Amino acid sequence: MADRPPRATRTGFSLFHSLRVRWAELDPQGIVFNPRYFVYFDVAVTESLRAIGFAYPDGFAPYGSDLFAVHASANFVDSARYDDVIDVGVRVAHLGRTSARFELAVFRGDALLVEGTLVYVNGDRENKAPKPLPEAFVQRAQAFEPVAPTRGAAS
Amino acid sequence: MADRPPRATRTGFSLFHSLRVRWAELDPQGIVFNPRYFVYFDVAVTESLRAIGFAYPDGFAPYGSDLFAVHASANFVDSARYDDVIDVGVRVAHLGRTSARFELAVFRGDALLVEGTLVYVNGDRENKAPKPLPEAFVQRAQAFEPVAPTRGAAS
Amino acid sequence: MADRPPRATRTGFSLFHSLRVRWAELDPQGIVFNPRYFVYFDVAVTESLRAIGFAYPDGFAPYGSDLFAVHASANFVDSARYDDVIDVGVRVAHLGRTSARFELAVFRGDALLVEGTLVYVNGDRENKAPKPLPEAFVQRAQAFEPVAPTRGAAS
Amino acid sequence: MADRPPRATRTGFSLFHSLRVRWAELDPQGIVFNPRYFVYFDVAVTESLRAIGFAYPDGFAPYGSDLFAVHASANFVDSARYDDVIDVGVRVAHLGRTSARFELAVFRGDALLVEGTLVYVNGDRENKAPKPLPEAFVQRAQAFEPVAPTRGAAS
């Protein structure tokens, strides 16, 4: 991982959702069990969509759409511990034709704990077939994000 | 993702762990909630380490070591549903100096549902400082895997 | 709790479902986090219903019914630990007009770890209004249980 | 359950902890999966102990003590749904010699969704043997609760 890109910093995110780490989220190492960070990410994406004005799932339902996760990844840099108040940063980083990529990071103060990515496809509610992102969503996401999401086929 | 590598197939894995999908693991879409696959991956790595002869955590404790996840990723291709019996394939794909990379995939029959990666660092039990993988672990993992894990600094 | 009834023993159960305790299910005390036992109970009830011949939810769907939990309780006697293989015993203990009570217990070998109760109401799939248990379910549950479930309004 | 005691009301609780229901906490019925309420209860007890001035686990550590759950129960009256903001009420209802009983209830506005009980024993950190509750905890809990906790051996 010698060519790893620079780590995330707080300045890269348009929204932070704060959470207190709970006992149920820890493992016997006394740290947050790694799959739990993807639950934190899910919560942050929920709040991002709400802030954009396309709250999940009601914002997408009128379009006959639902969002389906197609990719998730995370790098675990340091650990959150019991009772820590952490800030989960989130931004829409890319808007494809049918998919949207969110970048996320978990901070304790200024210290980066975890950084990650979630990619969702906008799919038909019934058969999950990918369909173009609602244009209204694209416009609102672009209006919301201080750093314009990239566009194009590659996510 | 036009240059995405070929999808995982069952032939690539040295061990399968079978699980029945439980109600608690589903979301309102009636499918397994995506962070849950990382819990399935964790279970499969546990069984892989047991099969290698280095059961977690007791295999590493005599070396003053513990494993810490540093990277997790997954591509969600299709969804597991309630009561599905799924097979989680796992193999040690890379052995670095201080880290090990596992490749994983979830199948329902021959159908690929999810493929993923977990990277662990062998760290000091007390201060988490990375230390070389126990040589005995490297040898046993190499002996266990039909396809030899790659070696080297990059994971 | 001086008048506590006798503890559960293995002989009281018509079915056991075995589980291996996983890392994700532990807390920083190194023991299974107490709400998790209710997930184990849910799995055991699922297997009990399957064995009775009324697998959830498909067994109830033809009757326009679904099961809704109305009560859960547990006494925690001792703790399950990492990698323990535990046996979750379950039996239908009472069949009311609209509800069914399951008694459950978690054993490690002969040692009782947890005992508990789950009560479900048979409700309308759409509006959840309680409705009589399907007569076929009552008959099959009675045929399955070596110790006849009690009957009557009180659950 | 004809002799069921009156349902909990908001006036019975000394502290409320508010939570937003998250996607990960729902099941395919679109409602909170019943074991999850015990996780909500655990969070509310955590906040109750903090408010009392005996934050878990640091408040008990100087006494060589830890708290171990010995009983949990809940009645599920109605269901919390996605994105609901719910209030989890909690109070110390009984202080035994070695144990403490908390009464809990989940409300959405004034509507009762779930009511429950958690009993913890104050145990030795090393061997879990029950020991008397720290007198300072008893005094602070009594000072905190507007309705005095009952006392005595029965919990």
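Residue numbering begins at 1 within each chain, and the chains themselves are lettered A, B, C and D in the order written.
One rule holds for everything that comes next: a contact is a pair of C-beta atoms (placed from the backbone, for glycine too) under 8 Å apart; a residue touches a chain by one contact, two chains touch by 3 or more.
Values in this document were obtained by computation on a predicted structure and should not be read as measured data.
Engineer: With over half of the numbers shared counting as same, classify the chain A/chain D interface as same or different.
Structural biologist: same
Engineer: Using C-alpha centres only, name the chain that sits farthest from chain C.
Structural biologist: Max centre-to-centre separation from chain C belongs to A.
Engineer: Which chain pair is joined by more contacting C-beta pairs, A-B or A-C?
Structural biologist: Looking at A-C and A-B side by side, A-B shows more C-beta contacts.
Engineer: On a C-alpha centroid basis, what's the spacing between chain A and chain D, in Å?
Structural biologist: About 32 Å, centre to centre.
Engineer: Take the average of all CA coordinates in chain A, do the same for chain C, and state the distance between these two points in whole angstrom.
Structural biologist: Those two chain centres are 37 Å apart.
Engineer: Distance from the CA centroid of chain A to that of chain B, rounded to the nearest Å?
Structural biologist: Measuring from centre to centre gives 23 Å for this pair.
Engineer: Could you say which residues in chain C touch two or more other chains, in rising order?
Structural biologist: Within chain C, residues 23-24, 29, 35, 39, 42 contact more than one other chain.
Engineer: In their complex, what parts of chain C are in touch with chain A?
Structural biologist: 23-24, 26-30, 33, 35, 82
Engineer: Write out the stretch or stretches of chain D touching chain C in their complex.
Structural biologist: For chain D paired with chain C, touching residues are 1-2, 29, 34-36, 38-39, 42, 66, 68-77, 153-155.
Engineer: Could you please specify the touching residues of chain B with respect to chain C in the complex?
Structural biologist: 22-24, 39, 42-43, 46, 55-56, 83
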